[in-house]
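One chain, subunit A, links the two complexes that follow: it is found with subunit B in the first and with subunit C in the second.
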Partner chain A sequence: MTRFPGPIRAQDPAPAPLPLLSVRGLAVDFDGPRSRIWGPPSRVRVLEDISFDLAPGETLGLVGESGSGKSTLGRAVLRRLPLADGRIVFDGRDITHLPLAERRALSRDIQMVFQDPYTSLNPRMTVLELIAEPLIVHGLAPGPEAARDRVAELLRLVNLPPENIDRFPHGFSGGQRQRIGIARALALRPKLIIADEPVSALDVSVRAQVVNLMQDLQQELGISYLFVAHDLSIVRHISHRIAILHRGRMVEMADCDTLYDSPAHPYTSTLLQAVPEPDPRHRRGTPTAPPPAPRMADLVMEGGACRYCRSCPKVADRCHAEAPALARQPGRDRWVACWEA
Partner chain B sequence: MGSPIAMTRPDPTPILELRNLEVCFDTRAGIVRGLRGVSFALEPGKTLALVGESGSGKSVTASAVMGLIQLPGAITGGDILWKGESLLGRAGARRAARLRGKQMSMVFQDPMTSLDPLMSIGAHLVEVQRRHLGLSRRAAAARGAELLDAVGITDPARRMGQHPHELSGGMRQRVMIALAIACEPELLIADEPTTALDVTIQAQVLDLLADLQRDMGLSILLITHDLGVVAGLCEEVAVMYAGEIVETGAADDLFGRARHPYTQGLVRATPRLTDRSERLVSIDGAPPGLLDPPSGCAFAPRCPQTTGACAARPPLRAAPGGHGAHACWNARPAAWEPAARPVQKASFA
Partner chain C sequence: MSATDFPRPAALRPRPAMLAAPAGFLAELWKDKAAFAGFAFLILVVLVAIFAPVLAPHDPAAQSVLSRLTPPAWTERGSAAHLLGTDMLGRDVFSRLLHGARASLMVGVSVVLLAGSAGVALGLVAGYRGGRTDTVIMRVVDVFVAFPGLLLTLLLVAMIGPSTSTMIVVLAFSNWMIYTRLVRGIVLSMRATPFIEAAEVLGCGPGRILRLHILPNLIPPLLTLAILEFTNILLAEAALSFLGLGVQPPDTSWGLDIANGKNYMLIAWWPITFPGLAIAATVLSVNLFASWLRVTTDPAEREKRHARGRARALRRTSSENG
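So, the complex of A and B:
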């Protein structure tokens, strides 16, 4: 097996001094159900107390089930959402409170790759127009034709033949479309790419092509990724560290090997057990009873209890009284939010 | 392709048998050959998985069995047999109309779009039982609540009055399964039943299907792209590629001892929790278009071990010394390696 020399591994001594992205105590509120028809909406805290650092050239995998807030976290970092609390520092600059014009400028450095390559590309634009669009919006090219050379170069970078430049997206397969989406995200030479389930909609054999491509690009260009995923099987291959989200809170964050070999939070164990193993030689026991799905009403500013306490196999009295904060385990590169870990 | 391959010891009457089935879609661009001679047999009480990527024809196969192929599509060749009797032709169509929805039923991928948002859960269950079993409204409602209980829905009486939007995705899929088993079918076709669900909920739904199969003696035709799902639930697997079956065998054998290079590639490309390597195996290229399918082996352009023989289409042949069959001239143990890093890339100056 080729060992891919990632820029920062947990075993490397003293990682990079300055993180590219630093998030502290981030919280996001949405409007919830109203108590009376014309009354004010209640507030639902969909993200609470999220803190992490992302080094240049590093990939952080964000894993959680639907409704855990993983996509919302991506949008919050892009500053597309009002923040209820917390601070975001990107590249040494506080971007927590940015005026609209500067938020737009920020998108030169932070780009997004979307889940569904079939709906995220405008079917009426050619590949040239699609990839040149960010350059035009940011005033780096007067029109698509002026950017032709640059777009051809970007296509080569994502392993697509540049002869395809004047074709429309419908002529491409899912994997090829996702490459176009990646080329479009790369056009502005961003420092950070937020990839929101970039391979979930792709077939198994094609998924591997796109994940490998993203690793190559990182190696070559030193980009950082926030890689959002809903299950744990694919993120291991691309991430240096993984953060597990559960109902708006980060419950565990650790480097890959630590997380997979010895999960500390009960929810992480549940997620790991739930992934079906294709190889009968590695079959594990049947999964334990998984948690019931979160409901909007349950999220309405519930009191101090741990949000996992109702489904947790290790639940103790303390869990009902007080929510554990994400804390670093002594002497290890692992953060856990659990009283019983 | 010749006679259908019986996947374990030959059984006198498989509950469902496809013989060289061909389906074509007459589109503006030309004739798309969706199925190019698909044969398999499903024995009573067994579970067969049809595995393949998008466009491989697995859902078309299910649609053909359920009689859901609509214009511009048509079954153009081969036969579908239910307990040895054809479901095609005029007499077959009458037979099929009596079976479908009752003796054979289907669970679809997306539970949100397959339930009527304007009907309560109870109304769905009552409609099915009145139509197929001729029950009274009251009897159907009582039995409906029992069915919800059987698929693990708590507080069934209250759920009967709720509408689909009030249930979570996993619950909706349970309702779909309750609807499908309402008439005590002998065959359940499940088309990607867990693809839209979270992994923890997926585990629950798969457990439910396994329980139902054991308790009711159901035969299940499971359609999926996820090899992990296959291994948990199925005994037999048929791998589809470009409108045909390229390999069949026991589920447990397929992962360690796949013979067809496509199956081997698929197995290696599936990420595992236990795999520490950072490069995934990938199969370069994309499946061929079925508008103009290749005359030879459809996988040859992506295959790492092509020879001159691949210009002719390989038949599905029984593997020597063991059960299972594969359609490959050069079948041998795995030949896939993780994708190497490309030598030189365009600079990004």
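So, the complex of A and C:
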């Protein structure tokens, strides 16, 4: 698979195959603290200069500590958040500025799997009603009963026995509920599924089942995934490429093996060192202290400096003056935002 | 875990029983004897209200000064002609009780429905739309709440003129705010739950989300509030009727009879006791039935209740056998 991720620059060759999703220079602002009681809220940049491409049938893993903006990025692509800057092109169509009605129609092609399977299913709807809902909303079925066959087929697709079709979600385990959530997302045959930590709320023993199911579905249906997670081993298992987010910026993006075997950005190495090693004979050395969690005030005040410069072991003078942009390493399919890499 | 290991009992059918055949509804209600009794009593009250003119032995407004304050039939000085005695104007308490059911039920039910639907609708809009819509609606609610309810009622009745239908409108007008506040608060917190976001991501419009995702999850708190309000409305109706601003004689209501009878409470207990008992029994029945209804409309609670019932039945058969 040929991929041309990252910001398009003058010297880049023209992207060859059309990516399913291409994001350029995306930025999202949230309201921050007010300087005066009645004054306007300050703006906090929670995502800045995010650029990547996603090919059809590809999985891009989004990894970062909490507060790094990985879920926000997923919601920005779904167009559920106003963008401060940047452009999103999905399937050859610019979806940066879409009226509400078209945004709703977009949900036929972009769907989402949620983190918590216990609260993301309406407790008063049966499995049939839950999975038939997208079909009804998009005019593909007049009512739940008319969609019964389709729903049974979807249940088989996610390895749930179709006899369960008339039951309510409270009778299912977490893994089974997440399958219902996946069946719901699949009902419209989307091209892209945004999976927001789909297994982090699940029991460790069923995580692999759900992740494998998602992989099988990808092979069968050719779906692309934007897979948000903080569990590095699961991300490695499912993703073709991985992007590391730190405080709203993409610091590194590369294919799995490159990133895990030779991390280029100092933050990536710190993150990888934090993964517990199950084999006691296999020591990686003491991990460096984890970087302190970002406070909102820090994000407001930070000007041009690299957002990692306070915790970075390789920090140089230049890092305090100017933030490095995500740039492709010469001759490799790896993108890093660091002066020292 | 497999669903097919257990035989699927009738109570686990997908839809709440009210929408299935009435026979299924009654069968499920029968298992909860208290709720069934409450439901039966409510049916009785409704039938009495409808057929009061046929059932009542006397004209409820006919006065007879000679037989005033006759005690109930089973007491020493009682008369067989007046089963529950007569009031201070010699009117038959039993007949008034039957006729009073009409106004009381009418006012209670229609005020709760009217105020409830308006209040819930506004609360849904305020909570879901948020922003300026929310601010405007909630400030209107604040103004209504801050305004003394009785004064508002008196003003309106004085303007429109006293009658039963006026009272219904006026009471609804001064009681809708509590529904709006309750619903708006719950909707605000529910908006943040993932299943609402999931519905939005699937492409559901606001109408569908409010109708199918938010409203069904509001049933338990709304049922509870509506019952409490029903009691309040019965008492408010009594107060208004007592002031001459509600039910107009010769019509009567339970509240009006209590209000009239309370001056004679120390020398005659019956004119005030029987309508009081009628109110208490009605409210109790509504409570019993509503708590069953609340469980029935909640799929998880309903299955738990069914499982408890089965466990009890199993214990019973095993102890009989052993």
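Rule of thumb we're sticking to: the second predicted complex is superposed on the first by the 322 of 341 C-alpha atoms of A that agree within 3 Å, B and C clash if a C-alpha of one lies under 4 Å from a C-alpha of the other, contacts with A are read in each partner's own complex, and residues count from 1 in each chain.
Assume contacts are C-beta pairs under 8 Å (C-beta built on N, C-alpha and C of every residue); 3 or more make two chains touch, one makes a residue touch a chain.
Because the structure is a prediction, the values reported are computed rather than measured.
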| item | value |
| --- | --- |
| Fit-or-clash call for subunit B and subunit C when the two complexes are aligned on subunit A | fit |
| Partner chain in contact with A:D216 - subunit B first, subunit C second, else both or neither | first |
| Partner chain in contact with A:H237 - subunit B first, subunit C second, else both or neither | first |
| Partner chain(s) touched by A:A105 [first = subunit B, second = subunit C, both, neither] | second |
| Angular separation of subunit B and subunit C about subunit A, which is computed from CA centres of the superposed model and rounded to the nearest 10 ° | 70 |
| Partner chain in contact with A:S120 - subunit B first, subunit C second, else both or neither | second |
| Subunit B or subunit C, by number of subunit A residues touched | B |
| First (subunit B), second (subunit C), both or neither touched by A:S173 | both |
| Partner chain in contact with A:A208 - subunit B first, subunit C second, else both or neither | first |
| Minimum distance between Cα atoms of subunit B and subunit C in the superposition (Å) | 5 |
| Touching both subunit C and subunit B, counted on subunit A across the two superposed complexes | 173, 176 |
| Touching residues (chain side subunit C, partner subunit A) in the complex | 1-4, 12-14, 193-195, 197-205, 208, 212-213, 216-217, 297-300, 303 |
| Partner subunit B, residues of subunit A touching it in the complex | 1-4, 6, 65-66, 153, 156-157, 159, 173-176, 186, 189, 203-209, 211-212, 215-216, 219-221, 230-234, 236-238, 257, 260, 270-283, 286-287, 290-291, 293, 295 |
| Subunit A to subunit C touching residues, read off their complex | 78, 80, 104-105, 107-108, 111-112, 114-116, 119-126, 128, 133-134, 137-138, 161, 163-164, 166-168, 170-173, 176, 181, 184 |
| Interfacial residue positions of subunit B with respect to subunit A in the complex | 53-54, 168-170, 198-204, 206-207, 225-232, 251-252, 255-256, 265-267, 269-284, 286, 338-342, 345-346, 348 |
